[in-house]
Amino acid sequence: MDPSLFADLAVAGLITGGIYALIAIGLNLQYGLLRIMNIAHGEFLMVGAYLTYALRTATGASPLWFLPVSAGAMFLLGLALHRLVFRRLAATSASPEVLEERSLLVGFGLMFVMQNVALLIWGADLRGYDYLSDPIQYHGVVVTANRLLVFGVVVTISAALMIALRTTMAGKAVRGMLQSPLGALLVGVDTRRLHPICFALGLAMAGAAGSLLSMIFEVSPSMGESYTVTALIVITLGGLGHIAGSFVGALVLGLVESFGMYFTSPSLKVLLSYGVFVLVLLIRPRGLFAR
Amino acid sequence: MIARRLVGALAAVAIFALPLYGSPFAVALGLACLMYATLATSWSIFSGPTRTLSLATSAFFGLGAYCTAFALGSLPWPLIIFLGGSVAAAFAALIGLVVLRLRGAYFAVLTFGLGEVVRHAVTYIEKSQSGTVGRVLTDTPPAGTVYITVAVLAALAAVAYRTVARSDLGFALRGIGADEERAATLGVHVRRAKLAAFCLTAWFAGAVGAAAAVRWTYIDPSSVFNPFIVFQTVLIAMVGGPAKLRGPILGALIFSLLAELLRLRLPYLYMIVLGVLLILSVLFLPEGLAGVRWIDRLLAPRRRARAEASHV
Amino acid sequence: MQARDLCVRFGGLRALSNVTFAVAPSELVGIIGPNGAGKTTLFHVLSGIVAPASGRLSFAGHDLTGRAPHQFCWRGIARTFQTPRVFPALTVLENVAFGARFLHRRQRRAIAGTRAARLDEAARAALARVEMTGDASLSAGALPPARQRLLEIAMALATNPRLLLLDEVVAGLTESEAAEVARLIRGIQRELGVAVIWIEHAVGTLMRAVDRMMVLDYGELIADGAPAAVAADRRVIDAYLGGDEGGAG
């Protein structure tokens, strides 16, 4: 294969994978920690994207300013949701299976509410804005500046999160909770405070991912759905509860999709990732990197 | 007791005879109501007792619709419906072998993704074969025929639900829903039971899809593989209450009326209301409306509350 | 029942190592061992819930290694669970009848009458064996755990087994209550010709009731023989008392 073609595909795959990483890490925090499968996760990405889009088109300022806004708004929304909905759900569910069933249904409802709110406000057309779309050349590989930026931000955020998880007290508490919820309680981790924060943090990451996406793609109310599925695929690849695994798994998936699309067809991308999903679930359900 | 039976019989006659005396609007409304009653009831056959959220309805529905698209005009109408159901059921059997090993969130997301996967696959096939993505339906049967078809399917779905609930399969499914491993140690062939119920659900969804497709004169993948179909199905079943037969039927009734009130005027608001309703009902009404005692007593025959499909 | 070299690993932990034994028809065998010795894991293997990493398992001449739980049930192996797993929303009788519903052809007894009648009769017969006939219409979820354990025995009996696996069925009972249960079990063994493997923490009850005793420690089978001999076995004493190399405390 032509090396510059290879590089093109690899770069594209890595960038897509980077976005997947943010979303997947967010979902991992929620599902791995709280056993809440937020099937509406992708919708928070969508709202984050729209927020950044709206603010950018209203003010004309660089969308990077609005990245924290999108993330912050989703964080607050997450706190509210946890308090109003999921905490009650957890309190009234007789077992973890029941909790999972019910949060699935709630998530399903949430998905439709959010998509239609977006439709109500912004309509169904694709919208977008132009930002840093000048191409950059490097040794025959062409990438638009905005994609490079997005990748850079993704890596920064993921790295910051992973470092925080390893070094800060709060981070260690979270990792403890991911490994053993009961053990964490026994050791004195304040799960009541950390649970909503982690939940909200997961949503904030989705919002951030959406914000970044708005810089390179167009936004539409239904854009979030496929990312939820992708996030779950990545978590499965990387292992539930393993944040670093999600990061690597996301990049792997991005690359697989990129190369796979080239060799088959772009419209079979969904089939491809779905196939990967099923394969992993059958062969190594604990994830490729599980010990 | 006799009075109830009489009322029931009259209601059935009124329903089936609607095309004879009702306005086209009423028939359309009735059709939508019956369609969702069928979808919700058949969905509950699998997802009710096993407590596994299946979001595959859109995939099955769409497959049935495409059967009609291909076969309309070349095959007799009843055969098309049967074929629509069977194609969906065959598909369910195929993917069921893989997907039914999973539970909970993975199963839900995977079945949800199925709709997307099939949609993309169909789009790809259509594009490479005929260049265009949609199909125009000609030779569609009259509205009355479609209505009767769906009414029959609804009745069959109700019968199927009841038959399964009282049979060994029903007990097996409820056992699986309560404690799958335990049921297996007591002799339940878990895979076979799940597969049977799953395929049954798929058959009805496919058959309804085949029938309902002729409501549109032009079908394309995005409209028939629309996630909203499964959403409304799940909503109706859950808000109605999936554990008893009257649940999905009650839900379908309410939502069809609600739909007519809101949908045409404020479509997005309608969906938002539905979504909020689902969330509220999961939070506060775990057994759905059918579980609320006074509604239950209003609808239920007084006899044999336990001999009915009992919760496990 | 023939078990050969059963090995089970959970992550890095060897739950069972090279466990080998055989159980003859109608034999009553007890299993004891310190906490975490792998007793319940062994039952999981013997009932098909966990597949052994290596080793073979055969029953009545059929190889059951790695098969699904329902196959174990169909071949005639039934079990109870340490923490009772009954169906809480059904009545006691319905719980027992559940076990009678899914039998393989070869297990079904030739009883006349409609299917409902047969199920009912089989369920009542099983219930009578554990002397719970009076509780038939009680909700299973409302029973105290001790009664639920008896219910589990009845549920197991309803599947018409050749081998019964009982997991700590006298936990929490006084000595005389436990002796009662032991009597019921011996009755089942003798009158139905069922083989029984019985895990228990209450070593005393077991000693008096069984013909043969096996001892597990850290996943290994360290003793297998007559109760008196096993009780005097040095290795068994060490296992329970922590050994003389200074166990904890």
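By letter and in written order, the chains are A, B and C; residue numbering begins at 1 in each of them.
The rule is short, and it goes like this: a residue touches a chain if its C-beta (ideal position, glycine included) is under 8 Å from a C-beta of that chain, and two chains touch if they have at least 3 such contacts.
This is a predicted model, so every value here is computed, not measured.
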item	value
Overall pattern in which the protein chains touch one another (line/ring/star/complete/other)	line
Per Cα centroids, the chain farthest from chain C	A
Contact pairs, highest-scoring chain pair	A-B
Whole-Å gap separating chain B and chain C, where each centre is the average of the chain's CA atoms	43
Distance between chain centroids, defined by C-alpha means - chain A, chain C (Å)	47
Inter-chain centre distance, chain A versus chain B - centres from mean C-alpha coordinates, in Å	32
Contacting residues of chain B [partner chain A, same complex]	51, 53, 55, 98-99, 101-106, 108-110, 112-113, 116-117, 120-121, 123-124, 127, 227-228, 231, 234-235, 238, 268-269, 271-272, 274-279, 282-283, 286
List of chain B residues in touch with chain C within their complex	168, 171-172, 175, 178-179, 181-191, 310-312
Chain A - residues contacting chain B, complex	31, 37, 39, 85, 88-89, 92, 97, 100-102, 104-106, 108-113, 115-117, 119-120, 225-226, 228-229, 232, 236, 265, 267-271, 274, 277-278, 281-282
Chain B-touching residues of chain C, taken from the complex the two chains share	47-49, 68-70, 72-74, 78-79, 81, 85, 87-90, 94, 98-99, 101-104, 155, 159
